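Notes for the one structure printed next.
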Amino acid sequence: MESLLIPITVFVLAAFVGFEVITKVPPTLHTPLMSGSNAISGITVIGAIVAVGSSDTTTATVLGFLAVTFATINVVGGFMVTDRMLEMFKRGDRR
Amino acid sequence: MNITLQGFLYLLAAVLFIVGLKRLTSPATARTGNRFASIGMLLAIVVTLLDAGIIGYGAVIAGLVVGAAIGAYLARTVEMTAMPQLVAAFNGFGGGASALVALSALATEPDSDTRTLVTIGISVLIGALTFSGSFVAFGKLQGVLGGQSITFPGQIVVDSLLAIAGVAGVIALATSGSMLWAWILIAVAFALGITRTLPIGGADMPVVISFLNSASGLAASAAGFVIDSNALIISGALVGAAGLILTNIMVKAMNRTLANVLFSVFGAGSAAVADDGTEKVTRSASADDVAVTLAYAERVVVVPGYGLAVAQAQHVLRELAALLESKGVEVRYAIHPVAGRMPGHMNVLLAEADVDYELLYDLEDINGDFPRTDVALVVGANDVVNPSARDDSTSPIYGMPVLDVDRAGNVIVIKRSLSPGFAGIDNPLFYNENTLMFFADAKEGIGEIVGAVKEL
Amino acid sequence: MPLPMSLGSWAVHIGVLLADQPGERRVALVPDVVKKLVAAGHHVTVAPSAGEAAGFPDDTYREAGAEIGVPSDVDLVAVIELPTSGTVPGRAVLGMLRPFDQPEAMTALAATGVTAWAFEAVPRTTRAQSIDALSSQATVAGYQAVLEGAVASDRFFPMLTTAAGTIRPAAVLVLGAGVAGLQAIATARRLGAVVSAFDVRAAAGEQVESLGAKFVTLEVPAQDAAEAGGYAKEVADDEQQRILDGLAPIVAQSDVVITTAAIPGRPAPLLIETRTVEAMRPGSVIVDLAAATGGNCAATVPGETVSHNGVTIIGATDLMARVSADASRMYSRNVSSFLALVTAADGSFDPAVDDDIVIDSMICRDGSVVHSRLLEQ
Amino acid sequence: MPLPMSLGSWAVHIGVLLADQPGERRVALVPDVVKKLVAAGHHVTVAPSAGEAAGFPDDTYREAGAEIGVPSDVDLVAVIELPTSGTVPGRAVLGMLRPFDQPEAMTALAATGVTAWAFEAVPRTTRAQSIDALSSQATVAGYQAVLEGAVASDRFFPMLTTAAGTIRPAAVLVLGAGVAGLQAIATARRLGAVVSAFDVRAAAGEQVESLGAKFVTLEVPAQDAAEAGGYAKEVADDEQQRILDGLAPIVAQSDVVITTAAIPGRPAPLLIETRTVEAMRPGSVIVDLAAATGGNCAATVPGETVSHNGVTIIGATDLMARVSADASRMYSRNVSSFLALVTAADGSFDPAVDDDIVIDSMICRDGSVVHSRLLEQ
Amino acid sequence: MNITLQGFLYLLAAVLFIVGLKRLTSPATARTGNRFASIGMLLAIVVTLLDAGIIGYGAVIAGLVVGAAIGAYLARTVEMTAMPQLVAAFNGFGGGASALVALSALATEPDSDTRTLVTIGISVLIGALTFSGSFVAFGKLQGVLGGQSITFPGQIVVDSLLAIAGVAGVIALATSGSMLWAWILIAVAFALGITRTLPIGGADMPVVISFLNSASGLAASAAGFVIDSNALIISGALVGAAGLILTNIMVKAMNRTLANVLFSVFGAGSAAVADDGTEKVTRSASADDVAVTLAYAERVVVVPGYGLAVAQAQHVLRELAALLESKGVEVRYAIHPVAGRMPGHMNVLLAEADVDYELLYDLEDINGDFPRTDVALVVGANDVVNPSARDDSTSPIYGMPVLDVDRAGNVIVIKRSLSPGFAGIDNPLFYNENTLMFFADAKEGIGEIVGAVKEL
Amino acid sequence: MESLLIPITVFVLAAFVGFEVITKVPPTLHTPLMSGSNAISGITVIGAIVAVGSSDTTTATVLGFLAVTFATINVVGGFMVTDRMLEMFKRGDRR
């Protein structure tokens, strides 16, 4: 268990940041925020890259390739679509 | 690349995610926030690619290119109205990726220690569940599966069995380290994702997606534990927690609880059955929705009616107008000749609230302006904004001139229910695509909107 | 004299008379509306000085495109009330003819062969609202009644905290919360009085409160007026007594009472007995808008202001005429809205059009009375 | 007749007369205040029917502890104005004696040996505010003037959007924004009119705007009235013309004009010339509160309502008397506040007390006129 | 104790700190928040005491007992008015402790690696600076050093030299590891803390304390780096960051910037010189202050004056009253007979805003109630609440009855400045102990208060 | 530097939590919050305990003893005084 102390500490702190960072969100931002944070969760892409990059079995490589593809869809699609949704707030600088 | 430097760069990426998320919560900063987060992601990917441990770039590059192409294509081409299901689909891919990472780790090192195997099991379970659940949500929103809640007898029994099987699968995987168990686990998780999402109605789907998004964050975090990557742990935890909070906010805005949404088989949308037996659906809004819609408008026309008088909401209405004006929104009032219950009823109210006479417009003077109006805010008016007086020659009020609010970009109607007004007839305006209903007493409701606008 | 812009066979020729009732200052069409009618191709003849008392000299009509002269043989004569002569110089007449108060006059009018529409007979439907002259003139009456009451009162309406003591706000009671009553409530509230109101119709309570006044509930069943076309019905005798007794103490404590209760075609219901008047503080005021149909107060003398035991009782029947300019403006809009209904697509006068408002409000035609209510009687 | 609770040598004996000016309905002390005075040990004799017109019959005074009877040889006579006889049945008199308008009457009064205090001479200090009958009565006048104007107007004051068209709000102009003017502004605004106002004093602008009305600025120097005890001074001739010319177009566009401009002891300044009246719309109204001192409008006939070219000009000088009950209430408080100053610690009447308000407001004493301003003249 | 268990318990303590801090930011939860944090601290201490590494308990127990006794005594006995200086003193002790921990680590292991030595240096520097700075702040607030800003010629030069010496000292210590350098560093830091705090005025002291509090958090964090304790790092970082934000909030509430407070030699309080030449001080408040004071009152009496009319603030005033009423506060209005500029001026305004006549009280009726009133809210009134009309027979308005607002528990006055009213005279009310001045246009000011109350 | 990665990660995350946790504070809570967070910074007490508990030189012991004393004053006094200040909010439960 000892080796888990640090990752768990990091996890707990990061979770707190996550909890606190989101306080009040106007409803129009619900979908963009969901989409944006979903894109962030595509961070598994780095896990996928490591996995496929260091894989030695074909299964692992195939799985890894799929993982990279899936994660990249999530990341690229997610950020781009969020940006598209947020275009409507361009006028936000009016104030 | 130096492993320490790599660590610090990952930390920087995580910081960019945090800052990005934070900025995503306010309309004024949301766009840059999204960019911050995407820069963080780019950084993380580049750093990973430079990792000394990577030997075969082929599959990596292939995956990146294929994924980026698909993602970009979908993000570009999908209709704005299809956004929710697109997010659902992306979310599904993310969950799937987490499960695959864990699987691939298992394939590479089947003889990992128990802790790693447990984490792999959890990662697979959550990831696969997110994948199937998200795609069911996608299907529902896309209309492929029908918006209604789909249930079957014995639902609870099946769900419970699947859940138990999932836990058992994780344990079996952890003790055996066998790929077979992993596949079984995937199957179970898949099934669970489907049976748990199907019964939830279309209107509740955004909540489900948000919840699954949170879950996919946790899956990423679990993957981080597997490959011992702080970047994954932090980002995953961040998304997991933020997603949970967001889910909660959404659920609260619907006046529900999360358990209620996830486990109620009656999660249908709010639909009203019209006189003619067909089902008409209204879009109902919260004070926050109304606040954002108003605050980001350029031209607002307020249409007061008898309900304003009943609620004695004139003072708070004026305050809302003043607040909007201070934000640069143009606010005018359209006074229908027979609004209220006596000639000049609205004049009395608005004069009491000291609304400038210059801002009051007669029907003839304002009707042409509605197509150029961003938001028509209908406060306790009903008959005087009933388009059937204009369009439906069978209507008992056909021929009465009405305010053409339905020609405005958005219509917000504040009233307590769908009950009819003086004329006792239904109002098709309420079921229009561009109409948002805010069900509230006018005084209380506008009070809430004022509060919400102040907090924008 | 400028010629009307177009005078083809299709234009309606409208005549406006000088009202000859004593105290009447209104005019059936104001120059602004005349201008629109003329622009629409109609021909308007206005009797000399017809608008004078309402603040519209003949010149203003001339500028609007009307012909000044005694109307004769026009298509439609627009009047406020039926001229005292009982006849009109045209083929049709539109006005507040008081058909149900003076059925004989209607019979006589019918005998002249004229087609007559009375605003009193316009149905109270949503579409008819712009033609509802009763409403528009009741609005005027309700407003003016409060002003007259305030002027006659020996008290301030608003509360006033001053170095010379605090003046409590006046208590104003409005009986009958129809169009005039609601306007009276609103006006008295504007002036700062504490207002309460009573009506027998169930819907009135919410409406009174929507104007910030207090609704007085007595132990009498509230009427659902929907059946009676929005109007109230007469109450049973025992109920009537309960109303009188219930109102008495409230009336006695009021500084100003405005009564507006009416039942179409019936004498006004009695709401204030003489002994209730006598229980009032000397210096208080009653304005009886129902004076013309007998009054809601037993001590009212229609058309006069009397003092009973120190209480001023205003029975004026010409209150609407006192706001002559705006009352005429509103009336003109009612007239022109009606005119639009009897104007055929080609612009010609079409008194026989198939429209429920035109049909329902028709009193007589082709020499005989046609209105169902008059035929019933 | 109940005896006053205590009638030692130290009580002040106060007499209240029945006002004998035509149209006067006020009374100097109302029963409520009499009650307090009696409770404080004073003796009050009220002339029969003195309060009748203000809504206070003799019985109400009796209940308050007053003696009903013709006052004679009392310590202090409280009056609204000096009786037409020019004498009072007591050793001292307090009232709105109009000393600067009728210096001869003061000389005659002095000759009777009476001590006289005039409310007009009370200094406008903070402490004197509760004694400032001019303010209390001007408040009444300002309020009533608007009501009279509204009643006489042929227009609605408020804006009204109805099925019979939209009625634009009336434009009301108030000239002179002193006590009466401000109250007029507030009342007209309450009724929903669009109000603008003009005054020569610098401080008036902010005050007018604090009531939600528009202040009219003309190109004339604003007066700093602090030196003149809060009052305005007469303006130079060329300024006067500029005011007349500047106001003319605004007056012409107004539906109702209320004029209140006054300069103490001087004829009222002319603000509206006859030709300006003629430029007004027929049906509009001018209420001239300065009528008693000659009027702000050249066409005003003091005490009468006249029509000039269709414009109604109300020159009534008895506006305050029309709100008789409340005007009397406020006046009574002024009287009793003054009385407190001339009551010695032992409760006895002390006309020679060393108090700047009492001294400043004293007009005559011991047979001769003592007020500095009258002596100057 | 098992080192892993210990680690998790420390993490739990840190979580308790986070939750505690969070709860400390809202009046309703603040008290439990403080308790959470203290339980976290107890947990951390107990866990540490059970640490296998502790060999000699004598000094530890002695220190704990002595410290606890002193701390408890001070906390119990010190006057409520002396709270700020007490916090300053406690903060000083905290900073001192950090420095001492680092020193003691140095004494125990003089031959630590450079990184540890650097951290020790930083810890000593920040800790000692916090110590001396806090005690100077304490002295100023306690009045020992006088509240005024104390400056001397060449201030900047000395400060700069000391700052350079501090950095040099850290470097020297890190390279030499010598105890001597540590002492020199302490002396320099001490001096710097003193010279940097002395020039700052008494009114700005709370900001300085908050800033030093943030610094002491950083010192604790640095100490955590030294002894490799995540608990210290987390808690220290937490306090450091939270303290910085709090400092910023405080500085903003004063309409200043942090740099402006810390480096301006003119940081005197807001004082006004009265007519008679003596200096009178007003206590000026922000909208938030006013909001809290009002929302936590039971009985509020509003005293409107001419300023309400000038600002046309009647509508927003009524809104504030409605808001307070919805929170259970009783709100009434005291109408002075000559408030405003015409008889009945206030009646006109309040009637326009539709304030119930029943809530308007005359002077005679309400004056006896002020001693039972929690807050008298004076809006744009001046002469009518001037106590000198009652107390000072030389005053030109002596004898006029006034509203005895000064007898209420708290008085809040909303006006734009200290300018006099109609009578042109000064108002001693403004300088009373229990009077808070909120300088603002009545309409805008009350609007802000409404916003602040809504956010409570 | 490598050994610093974890502590710095933890530090950064904790700092974020600190930044986010404090958003809006009503002014009456400024002093209590300052006092409470100051008490938390007394966490050095555990450092002090470790220092003195594991000290072998007299200097270290004396320094450690002082450190424990100082830190305990900060902790105990801080929490107690905060609690005292917060007593006034007891009525907070009224709503």
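Labels A, B, C, D, E and F are assigned to the chains in the order they are written; within every chain, residues are numbered from 1.
Keep this in mind: contacts are C-beta pairs under 8 Å (C-beta built on N, C-alpha and C of every residue); 3 or more make two chains touch, one makes a residue touch a chain.
All figures in this text were calculated on a predicted structure; none of them were measured in a lab.
Trainee: What chains do subunit B and subunit F have as common neighbours?
Mentor: Neighbours common to subunit B and subunit F are A, E.
Trainee: Starting at subunit A, find the fewest moves between touching chains needed to arrive at subunit D.
Mentor: 2
Trainee: With centres defined as the mean of C-alpha atoms, identify the chain lying farthest from subunit E.
Mentor: C
Trainee: So which has more C-beta pairs touching, E-F or D-E?
Mentor: Top pair by contacting C-beta pairs is E-F.
Trainee: Same or different: at the subunit A/subunit F interface, is the fraction of residue numbers used by both copies above or below half?
Mentor: same
Trainee: Rounded to the nearest whole Å, what is the centre-to-centre distance of subunit B and subunit C, using the mean of the C-alpha atoms as each centre?
Mentor: From the centre of subunit B to the centre of subunit C is 55 Å.
Trainee: As a quick test, compute the distance in whole Å between the mean CA positions of subunit B and subunit D.
Mentor: About 68 Å, centre to centre.
Trainee: Measuring from the mean C-alpha position of subunit A to the mean C-alpha position of subunit E, what distance in angstrom results?
Mentor: 40
Trainee: So the centre of each chain is just the mean of its C-alpha atoms; given that, what is the distance between subunit A and subunit F in Å?
Mentor: Distance between chain centres, rounded to whole Å: 34 Å.
Trainee: Please set out, as single numbers or ranges, the residues of subunit D touching at least two other chains.
Mentor: 129-130, 135-136, 139, 158, 160, 162-165, 167, 190, 192, 212
Trainee: Residues of subunit F touching 2+ other chains?
Mentor: Within subunit F, residues 1, 4, 9-10, 12-14, 16-17, 20-21, 23 contact more than one other chain.
Trainee: Residues of subunit B that contact two or more other chains, please.
Mentor: Touching at least two other chains: 18, 22, 230, 234, 312, 337-338, 343-344, 348, 351-352, 354, 455.
Trainee: In graph terms, with chains as vertices and touches as edges, which category applies: line, ring, star, complete, or other?
Mentor: Shape = other; not a path, cycle, star or full graph.
Trainee: Spell out all pairs of chains that touch, sorted by label.
Mentor: A-B, A-E, A-F, B-C, B-D, B-E, B-F, C-D, C-E, D-E, E-F
Trainee: Per the contact definition, I'd like the list of subunit A residues that touch subunit F in the complex.
Mentor: Touching subunit F from subunit A are residues 6, 9-10, 13-14, 16-17, 20-21, 23.
Trainee: Which part of subunit E faces subunit B closely enough to touch in the complex?
Mentor: That would be residues 312, 315-316, 318-319, 352-354, 451, 454-455 of subunit E.
Trainee: Please give the residue numbers of subunit D that touch subunit C in the complex, ascending.
Mentor: Checking each residue of subunit D against subunit C gives 25, 54-55, 57, 129-130, 132-133, 135-136, 139-140, 143-144, 147-148, 150-151, 153-156, 158, 160, 162-165, 167, 187, 190-192, 281-283, 310, 322-326, 329-331, 333-334, 337.
Trainee: Which part of subunit B faces subunit F closely enough to touch in the complex?
Mentor: Touching subunit F from subunit B are residues 3-4, 7-8, 11, 15, 18, 22, 230, 234.
Trainee: Please name which positions on subunit F make contact with subunit E in the complex.
Mentor: Touching subunit E from subunit F are residues 1, 3-4, 7, 10-12, 14-19, 21-57, 59-61, 63-87, 89-95.
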